[in-house]
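Heads up, the next two complexes both have chain A, just with different partners, chain B and then chain C.
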Partner chain A sequence: MKLKDRLVSYSKKRGFSFQTFFFESLKTIMAVLIAYLIAIIIILIVSDKPSESIYWFVVGPFSNMMEFGELIKKAIPLMFAGIAACVIVKANQFNLFTEGAFYVGGLVAALIAIYIKLPAVLAVIAALVGGGLVAAIFGYIPAKLKSSLNVNEFVSSIMLNFIVLWIGVYLISNVVIDDASGDTATQIIPEVSKLKILFSGTNISYGLLIVVGIVILVKIFFSKTLPGYEIKMTGDNENFAKYSGINVQRRVVMAQTLGIFIAGVGGATEILSNYHRFNWKTLPGYGFDGFMVTIIAKNKPLFVPLAALFIGYLRAGADLMAFNSDVAQEVVAIIQGVIILLIASERFFSSSFFKRLLDNYKERRDAQRMDVMKNE
Partner chain B sequence: MNSFWDLFSSVNFYVTIIALATPIIFASMAALISNKAGIVNISIEGTMLVSALVGAIFSTLFSSAIMGILFALVAGVLMGYLFAFSTIKLKTNEILVGIAINILAAGLVVFIIYALTGNKSDYSSVPLKTISIPLLRDIPIIGKIFFDSLNLLVYLAIVVIIAMSFFLKKTVLGVRIRSVGMNAKAVDSIGVSSEKVKLIALLIAGGLAGLGGAYMSIGFMSSFNTGMIAGRGFIGLAAEAIGAGIPYVTALFAVVFGLVNAFSLTAQTITGINIPYELLNTLPYFVTIIGLVIFAVIKKRRNKNNI
Partner chain C sequence: MKDIRKVYYPDIVAINNATFSLAEGEIHALAGENGAGKTTLMKILFGLEKADKGEIYFNSELINIHSPVDAMKRRIGMVHQHFMLLENLTIADNIVLGIEPKRKGLYDYKKACEITRELGTKFDMVIDPEKRISQLTVGLKQKVEIMKVLARDARIIILDEPTAVLTPQETKELFHQLMLLKKDNYTIIIITHKLREIKEICDRVTIMKAGNIVGTYDVDKISIDEISKKMVGYDFEVSKLKSNVKPGKIILDIKGLSLTIGGKKRLDNISFSIREKEILGVVGVEGNGQKELSQVLNGEIKNYDGDIVLDDFSLKGESILEIRKAGISYIPEDRMVDGANLNGSIYESAIVLKSKEKEYQNGIFLNGRKLEEFTDSLINDYGVKCNSKYDDVKSLSGGNIQKIVSAREIVDARRVLIANQPTRGIDIGAVMTLHEKLKSLQSQDKGILLISSDLKEIYDLAESVIVLYDGKVVARINNIKDVNEEQLGRYMLGIDVQENMGASL
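Up next is the complex of A and B:
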């Protein structure tokens, strides 16, 4: 059998089963409900006006167009981080440089926008791609170290995060600092390079279109192209992939670099959409968030935006609650932690558990029917 | 300070090295025992963070640093149990559990501080007193470094290294932990529950991470703040990888890290050289990556020679 035929039959084996899909969804909903229950209990304990807190937390993000826009604005970087993590996890890698990539991408995009004068659309594209590329160059380091020397990419990428953070802080407080800003920040990013508002009356920028485009491209990459298949196979079973003639090491590096590139573009989008100057002095935290999003999305590209919207909803609600009542928005972290723990676990409401339940039910039903028939 | 010579000849510098190596020792020993049981435990970072806060809170509640340490230890063990329960009972991927616990910890500490004090970053603690041992402190140089200005947790860290080495080699449980890491089914086949052994290893790891957290907020500083762990849990993982699972070698790297970290903190005080502190801050992380690479190259060579 030719390699391609083998890949096609392999992908058919991974085929879509409605039953499994249904049970997986049920599991996700259960996890969310349990996490919400825990959060509401906590709010009842710490809040002096719990009904108001819970109202803002649950209903707040849908109270008007502006707040709904805020939800989507919060979800956009999470979509970027989520789809970046999705690509990396497909190859069964855990390169956490998505975190540093957001920082590098944002910084480089701001610098390109400020120091390279280009006409309108080109200026935006140059900043986005430039940010992504520089991030990808950094992200290549832990990926290559993993593939050629078997250095744990998780630890090395986290160390690299701290390194790029401090280099970035050094740059914005010494080299590219604008003293007029009264802050450690770059100069003002010119209007031509900025991503404009997509829907008036909200804060949603064109970044939404970019990330949706990337999600679709990633989906096509994994389901219609050979490198995409090979990455998936490598992630599923590295030895099997190796014996099928796939250059496993190249695919491992490719998945990580590609994911980091997307995260870099995400950082660039975030800065060009929502900031006047680049002024990050800490890591933005999207790296871990991305892995969380892709866990909730069961590592399926098309579900990543949904999972990101959900986390965006949680955070927008929590912000409103913190602003309008007396509970800190960090209560979200508890919800997120519980949801991931439950969704990622194999035993919690696993689909086999539901299937057993269903089989038992069918058996009993059939037995009853037999009884009825016998009696007749 | 005028020169590097002044820096390297000052007693304070060496005390700082030991002070900065201590949390890495705790973290790396936690990583080591988890790894011996065959588990990659990345939740150490989050565990340290939560324990650091719990330690600070209970030290002020009882106005006693020792009580703070005890409660931090308990918090660490509980976090270890959460990790163990998820990985062993719910069969969750250990990296994903680690990510979940780290996210949970980062938010939880802010939430707790805000609920207690109304601010979002700091919580002051009752710090541990330094121990000055009479007679021993009068030994020239060594006395000043080792017996004059260190606290209980530093000595405990040294005890932990020795105890860990002994525990893994000479006790039944230690050998079982190592066997589980090598082949869990073989352990099950002789009638010892590998799950139970893993659970114990993870609880010990949680406790050690808890002590590391307590050291940061009670021993090293006199307050907790949300950024104080700064990747030390992950550096512990790196130290364990570089140390190839041998407690003494792992501890040695922790000391190297302490040295680099101490240098990056104090080098700015040397007149004449002008390295910005931001770039000095990258040094410990650089050294960690370089250490990982050197270890990997050595390992690869050794494997080649064996074949």
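Up next is the complex of A and C:
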């Protein structure tokens, strides 16, 4: 009881309301449950062996270490993309070049790994940072266009995605192509540059540590440094920032470039962890996913890994179901869509609805207690 | 209205337990500090908010008001503090919006104009129904709002702080019209915290404090002092603040400022100076150059003619940041949009200036402990009512938000403070705190430019005053005691121009 009192008084001091937190969590949980309910109904309709399909979809990712590792592996690029989008959205910007950044970051990391010979750890760092930096240089373009000429970064960044994609496809099919691969792909990435497996028996690479490190750094950046604080103020209320003497333009460019850099490192991590050669001929899609992740995480850096894990779980389960049961891949995609739609729109659920439920419960409980006391 | 209770999610009690009654044909004032629950109570009556508890009786019949539609059925209308007019339509369009007269199924604009004119003559308002709202003055817009309510056949009219944006003359006019309505047996509720207005036209006054009704009184039988005591709970003495400081040398010298936007001269050859220990009031009807003047002085607008000189250094063309660094701080007119970050915590809005100073940093990090101490000291010094410095700014009342904004700027003012409407729409307690703080700033060799539409505030604080009309300085009064409110009003409306200013017109 004492501990509870102390927790309550501490949280009051920090402006944190357990009640609000409770309702917010309840909302998210309800959204997830409803979404899964709808998913199960769809499976019941389309599957001849629904129990098996549902088993693979819901429990499959936890059935053994290998599958659980697969879940984490799927979540890592989502964490990168999510935290990248989080930084950008904090400044109230929507630079979708996180998508192209994944591509550029992966390509540049592969090229650095193949063509620049460096000793062990340095080779990895050079590839990761190089991938991030080249992506950031591209990402700077829509950011600067926004701040200087007020060009909508949403549109220009989507266009830029295709420019870098086709530059990349041109390069891997004409300039840096390895004819021995039998594919349009680069040469084999040397072992020395690759990110090793973190836990044996799984496919989880050291990329997990990198992204967790970045999430923590982003959290510190926003809560403890001046640029982070100013980016948040600019995103929250640009007028307030401007009148307080914050260089709004600079902060807007900074947030976008930084987010794109992180996405570039994410692309590099993905290639160095899971690929032998760079052979992407389409955009990977992670950049767009990142915005979804950060929306689910309410744009709080520390929630981003959780949101990414959830999407990773969803996708791992869906893959297992598609592989092991008679539910078609397309239906799996529909189910994913439904779930994500519901989660992302959980704001439709009003908190006051749950609050009223709780109030009713409390009133009834108090009345009962009163009755008990009277009887005594 | 009986036993009304309203709680905002999750646990902010706006109205604790309020019982309020209204007699037909009276002008009833609803007075109280900001955050006392006046507007909320009226919004419940008008159906914009739902009470969590309590009942509303209309002619001793229990009624339910779920929405403004229900309220209008009972012939209750409300004029909001912030006008809700369609700027691009004409007066007539706005007045009949939603109840358009029809002819052969089509909108009958001529009829709409007729209705408008009729309403106008009935209430002694000269009004051109075909004028667009965007061309009207604030005073006229308000009249359109009132006529809108009348056109809907309301018998009970709620006015939310109607005089906040009006000049003395416009206020007088409004009161005249309200009296006419009263004669026609309309019932009027005025939400206000201007005590003299209560005395002037109201029959009864209901005083609210912290979500509770203190009481309802006949205006004849209660003095201004008693009302103010009941509102804030302590004695409020008028004009006690005026000190006898002798202004020192000139700090800020404004030389021939001119600014043209969209072909219209917004500022026209404005020159004045502020001395150390001087509070210089700037008065004028809204839209006569105050906004542009503050935008030029704070660095938002740079392409002006003329010069701004601070302690012999020209600030022409400097950025907002550079001007702040030079020692000019600025309380923006709109605290909700420009002054504070409503999406963040009190702490975040409080530290925005200090966070740039080396003293409040630790290498690349912000010195959280020092910044927290700083925020606490602001909260304590200004008596900001909150649970903690991490509360959301949007959970505070207007007065408390303004305290935070002003505290931050006053502490930061090294040479000059520009205060644009620092106490508009906030409660007496907060006004007193801010006035005291402005006075204490004055005694520290600093200059204050006080742009205000509240003449009482100008009289309470300022030594000297300039009057803006149509972008020009039409009067400069070095000792404010030399001019009465009536005369100031004449300058503000451009009826009179001070003799020695005649050359510039």
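Note that in this section the second predicted complex is superposed on the first by the 312 of 376 C-alpha atoms of A that agree within 3 Å, B and C clash if a C-alpha of one lies under 4 Å from a C-alpha of the other, contacts with A are read in each partner's own complex, and residues count from 1 in each chain.
Everything below uses one rule, namely that a contact is a pair of C-beta atoms (placed from the backbone, for glycine too) under 8 Å apart; a residue touches a chain by one contact, two chains touch by 3 or more.
The model shown is predicted, which means the values in this text are computed figures rather than measured ones.
The partner of chain A that touches more of its residues, comparing chain B with chain C, is B. By the document's definition of touching, neither partner reaches A:Asn324: not chain B, not chain C. Touch criterion met: A:Asn239 reaches chain C, while chain B stays clear of it.
When the two complexes are overlaid on their common chain A, residue A:Leu341 makes contact with chain B while staying clear of chain C.
Note for the complex: chain B touches chain A at residues 40, 42, 86, 89-93, 95-97, 99-104, 106-108, 110-111, 114-115, 120, 227, 230-231, 234-235, 237-238, 241, 276, 278-279, 281-282, 285-286, 288-289, 292-293, 296-297, 299-300. Per the touch definition, chain A reaches chain B in the complex via residues 46, 94, 145, 149-152, 154-156, 158-160, 162-163, 166-167, 169-170, 173-174, 282, 285, 288-289, 291-292, 295, 328, 330-334, 336-338, 340-341, 344-348.
Taken in their complex, chain C has these residues touching chain A: 9-11, 298, 300, 319-321, 324-325, 330, 332, 337-345, 348-349, 351-353, 355-356, 361, 364-366, 368, 387-392. Of all the residues in chain A, the ones that touch chain C in their complex are 12-17, 19-20, 23, 224-226, 229-230, 232-233, 236-237, 239-247, 351-352, 355.
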